[in-house]
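Shared chain: subunit A. Partners: subunit B in the first complex, subunit C in the second.
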Partner chain A sequence: MPAPDDAQMVFAARRTLAAAARGLAAYHANACVKCGLCGQSCHVFLAEPQPENLPAAKAGEVIRFYRRYHTLLGKLLPALVGARDLTPQALNQLVEAVYGRCTGCGRCGLHCSIGLDVASVIRAGRQILAAVGKVPDGLQRTVNNQLETGNQMAIPRDEFISTAEWLSEDLQLETGRKDAVIPVDQPNRRVLYLVNPREVKFFPLSLSAAAGVFTAAGESWTLSSKIYDVTNYGFFSGDDAAAGELVRRVVEEAQALGVQEIILGECGHGFRAFRWEGPNWTRQAYPLPVRSVLELLDEYFAAGRIRVDPAKNPERVTLHDPCNLVRWGGVSEPQRRVLGRCCANFAEMHPNRHNNYCCGGGGGMLSMSEFGQRRVASGQLKAEQIRRTGAKIVATPCHNCADQLLEINKHYKLGVEIKTVVELVYGALVWP
Partner chain B sequence: MNALRIMIAGSALWAFMLLTFQVLAARGGGRHDFSRPASRPAAGAWYNFTTAMLPWKKESAWLHLAEFGLGIVLHAGVLLTLACVFIMAAAPATGATLLAPLWPLNALSLAAGIALLIRRVRSELLRAISVPDDYLAVSVTCGLLIVALAFSFFGQNPGPPLAYTSLLLIYLPLGKLRHAVFFFVARANYGCRLGHRGVYPPPRSATE
Partner chain C sequence: MQVDGKEIEFDKEGFMLDPNLWDDNVAAAIAREEGVEQMSDQHWSIVNYIRNHWKQHDLAPSVRMICKECGVSVRDVYKLFTSGPARGACRIAGLPKPDGCV
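Right, the complex of A and B next:
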């Protein structure tokens, strides 16, 4: 007999599994034929070709539970269909499969012989583990930071405000324009801009580049000192309640400030979480549009609101497509049009767009140090893709990807520079 | 003969009801998506059932041409045989006329099925992720092809194909063979979501 705590854990796990079984995961759990052909589409498997890394095997760890409680043969003859009881031990083993061996990039799903969404099944596994408190510590800490402080890095509000102030001063000095500022908590502006807190803490030039471009375009915008974090680690952990709460706070802040639009900074999963998953977590449509900054930049160019000189970016630039932005988000062309205008020598890596390989840093991997070795190993494919382009600069519209690419760059000795798209636009700006 | 027809009708009803229940119980596709669409879900589903399934678009096909080919041949034989058996249940003479000459395809299909079974047994990767039901599913479909071949060569007695298909239909919604229905459900669901988000169909100008 399991101890009372264990019994509660199993009960919570079964309840979450039942919810997933009523959701789309069940469609896909019933479709897998375990042909094993998905391995060649998975960056983790290609780096470490072990059975455990086959997407079908990872999803299979979740499907076992589904079969045990939600299929007839699983209830009557579990050994025949590989069904497994939900026990504390089985849940512990699931952690490695769904957090440590999969970034949820979804590439295997596109190439699956059946067409099943493996990543949805894996995320159902994460939902189950989040419900029983088995999210890896580093990832859970990041979720807690976001819920408790409003941002994943727990940056105090006054530190954020002072960073915005000194960045504004630097920007004014650099551009010679007094209107080049980073506005904070300004009501009734057109745009509320969300950024990755990494920009505030480690990559402030990315934030000031965005401010420079907004200034050049004459944009009416503001940051919020309370809610400025574009990331959503509840999405990664599988905690839909936390993820929904983070989304709700952003929408409330946007309404409180009276903005007309939310613009999401360069963050792959942040875009997917806010643009596509958020309304379903909160079960209501947004009262205002939500777009990626890439779409806004594209619009600036189309409307002639900014001018650039591609000669200012003379080196060969390639583009890494973040999975959550492109394969799951549908934003693939604006960044290409933008880079095409502001870079003199742009080269695609192959495969690209929705077929691109994950960099290895997705799915919250960067916050789970226990899987760090595998994360870097799984970035080898990306390193080879980059090397083949001969590029000196890798642009990526995602700070999580940028962090992973920085590490890959060092580990595989690529000798490239990693930049966000807005940094390249800013570098090529011709001021009016 | 009438008993066999009743048996196959009952089995078909059982399979239909159970599969319908399973699809409805999952309800994934029926959920309202509150996010503003970027494109049309139907366009995504259409793309997922057409262009996305072309062998040169799927790595599971073009990186594994032998397995892909074997799978196609196996499924072609099984589906055509099943169609003939159903016709035979309704119109025995017509069904028999259609099934008997299928033997070259069924022989190839059987060979493909056996090859896939051997692959599952021999591959360390596949063995590691397989459960008894994975072997059973291929075995019972091979069984259907053997029965169909026997029909073609030994007297064209409709009893064995009808009886075997009845048993197969009882198993269909219980084990791995239910992918026959969930293939369509999963692909439609996935395609609709990617269509809603503007991922599918990808831009025409895109070179991957």
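Right, the complex of A and C next:
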């Protein structure tokens, strides 16, 4: 995108602000009573208790613009109500508040004394910056990779296919079953499975594990070599057009392959984006069900389609709840039922479920190196939570969280292993 | 970080800002930060392969290619580089941080 001149930029920013404000309801944009309670709920503020890290202050940076153009007092006496003109300089200053100090985890909204959806105000700020081309480079590159190559890591298609073949060979050796394969581009299967490209490129054991479990359950499934990316970085960057396009491609591919259901691999924001936000972006209801693989695993157990021996996972296991899957996405119990069956020694961390703390790596933070130090610092709370459980393994149904947890593990010397849920299920399988 | 009198600068994730300053001693110094006190032949073979692949293709190789070219298993890679292929091996090989969820 060519750099817009200042007038164009301000026009685009104001238009996006107006649209975002309509979507938010004015209440969220202009009702904060500045009680400051939100600070105690925020992992960034608790790690670095500076005024700029207070959720109300971060949202306030967006709300100043709303006030300037959408409230009577802000239009007449902007200085009196802290309203601010949308200028190129003011937009530059917004970047750190909405991308660098907030992961959009939404815990502050849960604890807000008057129920403001702070994270959605922050995302409105991201929408404004995305509209004027001010998304941080690393995050924007990841969105571009997705739009241009179909996956966030720009993995070439033949490399994806070779990886699926290579993993299939290993899986057959490991399980001794000829039917244990990773099917690619097979038409008319029941399930289209989406994965995080991180699995394909760097951490393939979770993909092999899923293939092993699907084999044991007798599932009819396939990956698509064109569209397999469960992530949606347009959701993080605030670019709804890109986010909607990624959703549309998945639905089209599912229809082209003739599957009956889309199953989302373990990814927090991917679940929220595809399960809940997608139809808002595309303005179309899905023609087929979209569920998390956790729900599918839970169903396998309920139906007796797979059997496990928890003694194969004897170490203490705790569970990290990805914010976008649990607090925002409403999936909290299937993973607990599944781990309860697969692990001999399961211990919750506290707080948990909808009230969990963000690991610090959410909101696209892992792709923005410039905020790396704050990201690791803000993982301190999670490190303490994990340490208190005495667990040797931290399960998390999200590859983005997994990467942050790997780094927290090293930085805070926790000495734990990080695994996805499906890896623990695979490890406990009793083959029929 | 000072290596052989050269000042090596890193981004906030610990990836080299100027990959041209990379050499074996710099790699060994980053490796020590990663908890690898002494780079073994296997470490070097993986790091050099990643480095050469990146120079040719401007892209980090996948773990499949690393395993195939260097004759190691996936689990070996995680044992050799406890931060994984991206934040461990690619960082030691002096690459910029790979894009996306890593």
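Please note the rule applied: the second predicted complex is superposed on the first by the 427 of 432 C-alpha atoms of A that agree within 3 Å, B and C clash if a C-alpha of one lies under 4 Å from a C-alpha of the other, contacts with A are read in each partner's own complex, and residues count from 1 in each chain.
Everything that follows uses one rule, which is that a contact is a pair of C-beta atoms (placed from the backbone, for glycine too) under 8 Å apart; a residue touches a chain by one contact, two chains touch by 3 or more.
Since the structure is predicted, the reported quantities are computational estimates derived from the model, not experimental observations.
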| item | value |
| --- | --- |
| Touched partner set for A:Ala344, first subunit B, second subunit C, both or neither | neither |
| Which of subunit B and subunit C A:Arg275 touches, first, second, both or neither | first |
| Which superposed partner A:Phe371 touches (first subunit B, second subunit C, both, neither) | second |
| Contacts of A:Ala18 with subunit B and subunit C, given as first, second, both or neither | neither |
| Touched partner set for A:Lys201, first subunit B, second subunit C, both or neither | second |
| Touched partner set for A:Val81, first subunit B, second subunit C, both or neither | first |
| Which partner reaches more residues of subunit A (counting touched residues only), subunit B or subunit C | B |
| Which of subunit B and subunit C A:Pro51 touches, first, second, both or neither | first |
| First, second, both or neither for A:His111, with subunit B first and subunit C second | first |
| Touching both subunit B and subunit C, residues of subunit A | none |
| Complex contact set, residues of subunit B against subunit A | 22-23, 25-29, 31, 33-36, 38-39, 48, 52-53, 58-61, 63-64, 67-68, 71, 123-126, 128-134, 136-137, 174-176, 178-179, 182-183, 185-187, 189-191, 193-194, 197-200, 202-203, 206-208 |
| Interface residues, subunit C side, partner subunit A - complex | 11-15, 35, 59-60, 62-65, 67-68, 74-75, 82-87, 97-102 |
| Residues on subunit A engaged by subunit C in the complex (per definition of touch) | 138, 141-142, 145, 152-155, 159, 162-163, 166-167, 196-198, 200-205, 231, 233, 366-367, 369-373, 399-400, 403, 406-407, 410 |
| Contact footprint of subunit B on subunit A as seen in their complex | 21-28, 30-41, 49, 51-52, 54, 56-57, 60, 70-73, 79-82, 109-117, 275-280, 282-286, 289, 326-333, 348, 350-355 |
